Amino acid sequence: MNVLIIISILALVVLYLGLYKAKSALVPVTVLGLAGAAVAAIAEWNSNASPIFSGMMLFDNFAVAFSVITILSTLLIVLLSKDYFDRISEHVAEYYAIILFALAGVVVMVSYHNLTMLFIGIEIMSVASYILAGIRKKDIASNEAALKYFLMGAFSTGFLLFGITFLYGATGSFDLEGIKQYLISNPTEVSILFYAGIILAAIGLLFKVGAAPFHFWTPDVYDGAPTLITTFMSTVVKTAGFAAFLRLFATCFAPLQEFWMPVLLVVTVITLFIGNITALYQHSFKRMLAYSSISHAGYMLFAIVALGANSGNAVFLYATAYSVASIIAFGALILVKRVTGSDNFDSFNGLAKTNPYLAFTVTVAMLSLAGIPLTAGFMGKFMMFSSALSDYHVYLVVLAVINAVIGIFYYLRVIVAMYFKESDRAKVAVSPYFNVVLGISALVTIILGLFPALVSNLL
Amino acid sequence: MGLSLFYFVAFLSVFFALLVIFSKNPVHSVLYLIVTFFTFTIHYILLNAQFLAVVNFIVYMGAIMVLFLFVLMLLNLNKETEPMKSNLLKVAGVIAGMCLLVTIAGSVKALDVSDPLVLKDPGIGLVKNLGKVLFSDFLLPFEISSILLLTAMVGAVLLAKRDTKHA
Amino acid sequence: METVTQTIQSVPLNHYILFSTVIFAIGVMGVLIRRNAIVIFMSIELMLNAINLLLTAFSAYRGDAAGQVFVFFIMALAAAEVAVGLAIIVMVFRNTQSVDINVLNRLKW
Amino acid sequence: MINLVWLVPLLPLIGFLINGLGRNVLSKSLVGLVGCLSVLASFAISVGIFVELNASETKSFIVPVFDWITAGTLSVPFNFLVDPLSSIMLLIVTGIGFLIHVYSTGYMHDDAGFAKFFSYLNLFVFFMLLLVLGSNYVVMFIGWEGVGLCSYLLIGFWFTNTSYAQAAKKAFVMNRIGDLGFLIAVFLIFNTFGSLEFAKIFPQAASMVTGDSTLLLITILLFIAATGKSAQIPLFTWLPDAMAGPTPVSALIHAATMVTAGIYMITRSNILFTLSPVTMDLVAVIGLVTAILAACIALTQNDIKKVLAYSTVSQLGYMFLGLGVGAYTGAFFHVITHAFFKALLFLGAGSVIHAMSNEQDMRNMGGLKKSLPTTFFTMLMGTIAISGLPPFSGFFSKDEILAHAYEHNKILWVVGVIGAMLTAFYMFRMMFLTFWGGFRGTKEQEHHLHESPKSMTIPLIVLAVLSVAGGFIGVPAALGGSHWLASFLAPVLTPSVQKLGEFHLDHTTEYILMAVSVGGAVAAAIFAYVKYVKGADVPVRDGGERGALANLSYNKFYVDELYAAVIQRPLDALSGFFFKVVDRMGIDGIVNGFGRGASEASKSLRLLQTGNVGFYIFMMVIGIAAIIVYSFYKIY
Amino acid sequence: MDILLLIFLPLLGALLFPFAKTQGVKYGALVLSVISLLHSVSLLTRFTPDASTQFLVDYVWIEQLGIHFKAGIDGISMVLVLLTNLLIPIIILAAWKHDYKNPGAFYALIAFMQAGLLLVFTALDAFLFYIGWEAALIPIYFICGSWGGENRIWVNLKFFIYTIAGSLIMLVAIIYAYLQTPGNSYDIAQFYQLNLDATTQGWIFWAFFLAFAIKMPVFPFHTWQPDTYTAAPTAGTMLLSGIMLKMGIYGVIRWLIPVAPLGFAEWGQTAMVLSIIGIVYASIIAFTQKDAKRLVAYSSIAHVGLIAAGIFAWNQQGLQGAMIQMLNHGINVVGLFFALDIISRRLNTREIAEMGGIAKVAPKFAITFLIVLLGTVALPITNGFIGEFLLLLGVYNYNLWASIIAGLTIILGAVYMFRMYQHIMLGVTNERTLLFRDIDGTEKAVLFIICALVLAIGIYPQPVLNISEAAVANLIEQVNGKLLNAKF
């Protein structure tokens, strides 16, 4: 709860800073505030929490873990935003404020205990994202991204709400506990409305996490939005989406697994293939990452398909690995794009010569995304595969392996470009902020690759 | 008689809703939409959800729709500027929508709740009652929705405002 | 007031579900067949209202106020979305002089 | 003395190491000294061993050296076996080896690779001794392949000449074919007898029934090995080409010792062969056919060394004939005598070539008796010996073989005699063309003509003496002899002898047989004299007219061409096909196909992302409808 | 502790070398590799050649998944550890004269790879094994990609993805087996106790076999290999052919057959047939190769095929032959590639047709090259003979005809090897080869060391055989026992 308060107040503070033109203070304040929020969140660890505000919110370890990881990712992104927003306009304060609002929404999403909260959280986050996607007002790509995201987002919200309505109609309650009780009390004759509700709600959530066939917004929006915002969306927003997804299904719908699991299974497979195969042929690094994020959504869905005690851990580890890796990738992209002006693969050519450190971090990120051992990404995939196999989804895993192989192909393209291709490029100027962020992220990736236990058995 | 009344109003809603999506001129769409919403208000009244009826009347028909209208005028789209989609796509769209309708409806068709909808507690729809619930159980969401609105406000300003600096 | 509460007694809940589903579907169709961003948006509003009505019906059926409160939140959301959405549309219109979604397909493949 | 046997191979090895490592520092004389002495020393020891063995009661000693391979039940000790057979081979290898070393000091004197030559020669002796001394098939196999390697090195001694290098490779590969047979045979033996030690195998074998199928397979495989090493059909073509090596090499390796390894190996495992008559007949027939075929080819060859080479092949054929008909003693006897006179002939030829300044074509020789008396005389001895005229050594050995052949099967004998006649003819042809008539070479060749140095002539003389007198170690009873060799080898051969039964042929028959073969030989010699001395006939130049048969013989019955066409070219073609079609297009094509398929799929799948929101939402709705249908299809 | 030192000593180098910018780093690399060689020798001296696993370390790594850092050395591992630590210094010496650009990274990658290989050869935990498996792959990819020859990028991409594909399938099998173990553990002992039905074991067999077959490579999974060997820098080729492919063979011995004996019982014959086809197929292809490096690459496929055949024969001789032949093949193939590297560095070509008569101008080189060659064609008293003799004997005990066909390698090998030798070294010298310098300095050192090893093992192999004897016997015992139980 305190986390939410801190973040909201922080947002207002930032707005005021903007009002008084205290630009230089923005980043430090935000960073400090976020750090405080993180601390506040950690403080609630293992406080065997019970639902508060008449069951609106439950700040359990699950919530703590996910809010911490999202807050920290945001923190890293904010560090990268130094001198990024200034290039867009002078009203940077609002950007930070909106990011923080989105983060507040995220915190709500990961800690909700009532569909109302879920709904509001999602909406805060989405609305903020619509705005952020469009902050390059003169850039048509940015506009297009914003409009597409908005229209499709609003559309999918409709389905989410429809689903919630049906659930309410079936159970007469928005409270997760109540819904659970409904299932427990009459397991045999579950109202047909309830099934419809599950499906429609799932559709709404699948859209938010960008799973096929509701993924269409992802590439265009990620591609059109300013890179830093893409980073935010592909890390924080996605993580939150999965947290919410998992919380809802693990808490309420677990008993009906044999009903919704096949659907999600199919969705997962389609998502994997569409994401990976389409990513193969991209020339734009950014767009490749967008598609790859779809495929990663597919991998994360494993945890929900094979819903079990370990799913939370699996998703958490995977989300963490994926977030830090993406932050590196997009961060490097920002830098490279400043020099070459394009976000194609070729703009990475010969990076290893000019910026070995940068190249190394990107390599780590790519290996992690590709799921090569000794990186966090591998452990994430490993746990996903394990949980899927433990439910005897052997074919699913084999398909996933095929996709992993395809994935390696396009992640390696970056490495090939950086190390094996020559180009007379200028040395990319890297600000200390970037060095720090990329360094930390790479470090986290490797450490988690070596000792996943640090995060993999929290929940 | 109640049933027939419901059917009548429902028919009106559907009719105007269709007009909304099929009328060429956006402005007409808006106006039809307003009418549709009015029929909804009647529905609320029938359900004795007086508060919602009022809010719907004021917020939707009053604020939101006017905002739409305003924007349309601002962008001066008050004529058939919009090139309609090719009929093929239209048909496809309609079919898809119908599919959806059929599937959803079908999915809830075999419903046990065909028993008439009895107002167990006619009072729930009243402001007093809702206020209680809203400020007791739903206090937190209520507060948080303020963040939503604030976000929207800031964002709207941020985006709609003409930016002096070019980027 | 009494009459009102009487009139409704005879309407089965199914009809409400069916009715709002129809409206919802009409909204979806609107989204599908129109190219004017604003009209699409209006169709979405139509969908939301269908949901509102259904929620109210359920809440009335169950005699539970939560549903109607939820409708209240949905309306809040609608307001927020309208603000942001229209702002975005205006912004787009400034750059492209159009609100036709087919114009905006630079981002593809 | 016998337990010093490990010194016998060791000394040449040391010689090899000294000459090999010091080839750039040591002086030629020193190198020669080291080379000769090392072999001489082992010869001395061999003599000692021979004497001791002759004296001692037990005729078989096993001298362990070290434990070589052990894996599971397989255990291969590195042991030496000293028995009559090996002791005699020791004498031949080291003795003739020594003479040829001495000869080489003279023959190779002006060659740049003098030291290299001697080191190789020593290495060869080492391996040959391993082959002879090995107490089990694996050690024998080491020598077996080792001599192959040395022959490769020595044939390719002048490797800058591409065709020589080619010949060397050919020799090695053809030997390898035989070696595979040997290897498989070894496996079979191991798995049949559970051991590879001769001492363990033969007793077991002796108790097996005649015509046992496993033994048949084993012996066939061993015989294949022998055909490779001893240049029998079908693997004989490498030997004539092997003449590319320096002449001493031809004398030592390709006449006296290595090529007889096959006969030695079969004699060694005689009991196995005795017990599989089918193989015996095969051996006899192959041997005979080879003998005739090679002899026919030799008739028309003009290269002096080629003549000798084919004659070697043919003589080896005789030996196999002997083995085939169960005349183990005879065959081995012929190995000995052949070692003497064929070494002699080769060295003589070498001396001629030396004198003719590396001219090998007999058509450019003639009338060399005057200028090369010693060479002429010694070679004459050799020729008479090989032609099988009494009392020269060749007579006794060849006659023993023929006698057994006669007893075994008359036809074999008839053909054998014909072969003998051919031998006599082409050998005398060679002599007449070389030494009689007028000189046909160029002027400066004539000018350079000179008798070879002592270092070369002395070995010639020694060998001449041996070729003349060597036969007396095996005078048959018919001629009042006691056949010392037979009795000496008896311990090795008794099991077979018991199985085969004693050789009995009344003396009169034997006399007749001898008379016939000798008469035939003499007649052939006279015919040659008439043709080449009286008629002064000189073989036509290349491209000249030849009779069809002569042509066939001159072109070696086109065997090489046949092999090239049937084996080599198809294999190369197959290789190309496998590489280009199967590997590149086929398998690799499939592999790349996956990648290409994926990227094609990508190309088309990305088009789904049209960039049109309307389409996106349309797809979403379709998806939603599909999902709902799919999930509710299950409930209803 | 010894194991940790063994594995982390190279890692230390991998961490330090990148900061070195000069060629001087190669001295550091050499010293480090020699140290680890000495260390492994000291291990050997303290190693008692029985079936037991020694120098065992076992730490909990990821508790919740039952993953341990469990490693140890038994006879089988010992041979390969020796092989690795023996070849790495040789390879570093072989790269001595190249002065690769950016040497720090180069030697760091080699060291990293060494660590990965040692991990594979010592791991007693399936997960650890997999980690090492991939950890050895990544550096070689960078080595070949950064310092390789023409069209290296595509070739390496193919190689990497091909291999990864195989190993991911294996990962699935590993996880599956893990879930079947009673205590949910990756411990190899638990894996050995698995009692799955034949069908499942069949699947597991294939999953493992795919990974290993691609690595070795066994026909028809070999097509990446010639290209990669040809495009890679010599050091890379040596690492790949000398050590890396042994990972696959080791995997078959250590994991594939003992974990899925029934699968082996059902499919071993197929594997055997593939291996034998590979022998003849690759040898025949080698006949007409024009690029010397490619020729040796194909010959390597043939030899590995024979080793695989010997293993699938699954008897003492075959396995012992495989063990010693892994060592021999490593030594010989490194020697061959180094010889070819010397030639191509001197002549700037690998086209056999453009060479000839080198033996005339470079006798030392000619002799050493010949000795290595003889080792490869398995001439007695060279190391190759011991290996191939035992292997063929093993195959023979499996089936006569198999051994005859496999034995063709004796002939075919001689054909293409001597054909190559003849065209490169013998014949007349042309203007290109006329100025060929004879070997000197490190070249001499490397080739002499290799020749010494070739002859030493060939003349007295027993010590090497003794190392693995007991372990191999024990393994066979155990598997055959399980097969018997399955029957009744």
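The chains carry the letters A, B, C, D and E, assigned in the order they are written, with residues numbered from 1 in each.
We take it that a contact is a pair of C-beta atoms (placed from the backbone, for glycine too) under 8 Å apart; a residue touches a chain by one contact, two chains touch by 3 or more.
Bear in mind the structure is a predicted one, so any value in this text is a computation, not a measurement.
Q: Enumerate, in label order, the chains that touch chain C and chain D alike.
A: Joint contacts, listed by label: A, B.
Q: Relative to the centroid of every protein C-alpha atom displayed, which chain's own C-alpha centroid is closest?
A: Chain closest to the assembly's C-alpha mean: E.
Q: Using C-alpha centroids, which chain lies at the maximum separation from chain A?
A: For chain A, the chain whose C-alpha mean is farthest off is D.
Q: Counting only C-alpha atoms to place each centre, which chain is farthest from chain E?
A: Measuring from the centre of chain E, the most distant chain centre belongs to B.
Q: Write down the chain pair with more C-beta contact pairs when A-E is set against B-C.
A: Greater number of contacting C-beta pairs: B-C.
Q: With chain centres defined as C-alpha means, what is the inter-centre distance between chain C and chain E in Å?
A: Chain C and chain E have C-alpha centres separated by 67 Å.
Q: So the centre of each chain is just the mean of its C-alpha atoms; given that, what is the distance between chain D and chain E in Å?
A: Centre-to-centre distance between chain D and chain E: 37 Å.
Q: Could you state the distance in Å from the CA-based centre of chain A to that of chain D?
A: 79
Q: Could you grab the centroid distance between chain A and chain C? Build each centroid from C-alpha atoms only and quote it in angstrom.
A: Computed from C-alpha means, the inter-chain centre distance equals 28 Å.
Q: Name the residues of chain C that each touch 2 or more other chains.
A: 17, 24, 27-28, 31-32, 35, 41, 59, 61-62, 64, 66, 69, 73, 77, 80-81, 84, 88-89, 91, 94, 101, 104-108
Q: Please output the residue numbers of chain A that touch at least 2 other chains, ranges allowed.
A: 116, 120, 123, 127, 130-131, 134, 137-138, 146-148, 151, 155, 162, 192-193, 195-196, 199, 219-220, 409
Q: Where does chain B touch two or more other chains at once, residue-wise?
A: 85, 89, 92-93, 96-97, 100, 104, 107-108, 110-111, 137-138, 141, 145, 148, 151-152, 155, 157-159
Q: Got a list of which chains touch which?
A: Listed by label, chains in contact pair as A-B, A-C, A-D, A-E, B-C, B-D, C-D, D-E.
Q: What part of chain E is in contact with chain A in the complex they form?
A: So the residues of chain E in touch with chain A come to 61-65, 130-131, 134-135, 138, 142, 145-146, 152-153, 157, 160-161, 164-165, 168-169, 171-172, 175-176, 178-179.
Q: State the interface residues of chain D toward chain E in the complex, per the touch definition above.
A: These residues of chain D touch chain E: 66-74, 138, 141-142, 145-146, 149, 152, 156, 159-160, 162, 165-166, 168-169, 172-173, 176-177, 179-180, 183-184, 187-188, 190-191, 571-572, 574-576, 578-579, 582-583, 587-588, 591-592, 595.
Q: Mind pulling up the chain B residues that touch chain A in the complex?
A: 104, 107-108, 110-112, 136-141, 144-145, 147-148, 150-152, 154-155, 157-159, 163, 165-167
Q: Mind listing the chain C positions that touch chain A in their complex?
A: 17, 24, 27-28, 31, 37, 40-41, 44, 47-48, 50-51, 54-55, 58-59, 61-62, 64, 66-67, 69-70, 73-74, 77, 80-81, 84-85, 88-89, 91-92, 94-96, 101, 104-108
Q: State the interface residues of chain D toward chain B in the complex, per the touch definition above.
A: 614, 618, 621-622, 624-625, 628-629, 632, 636
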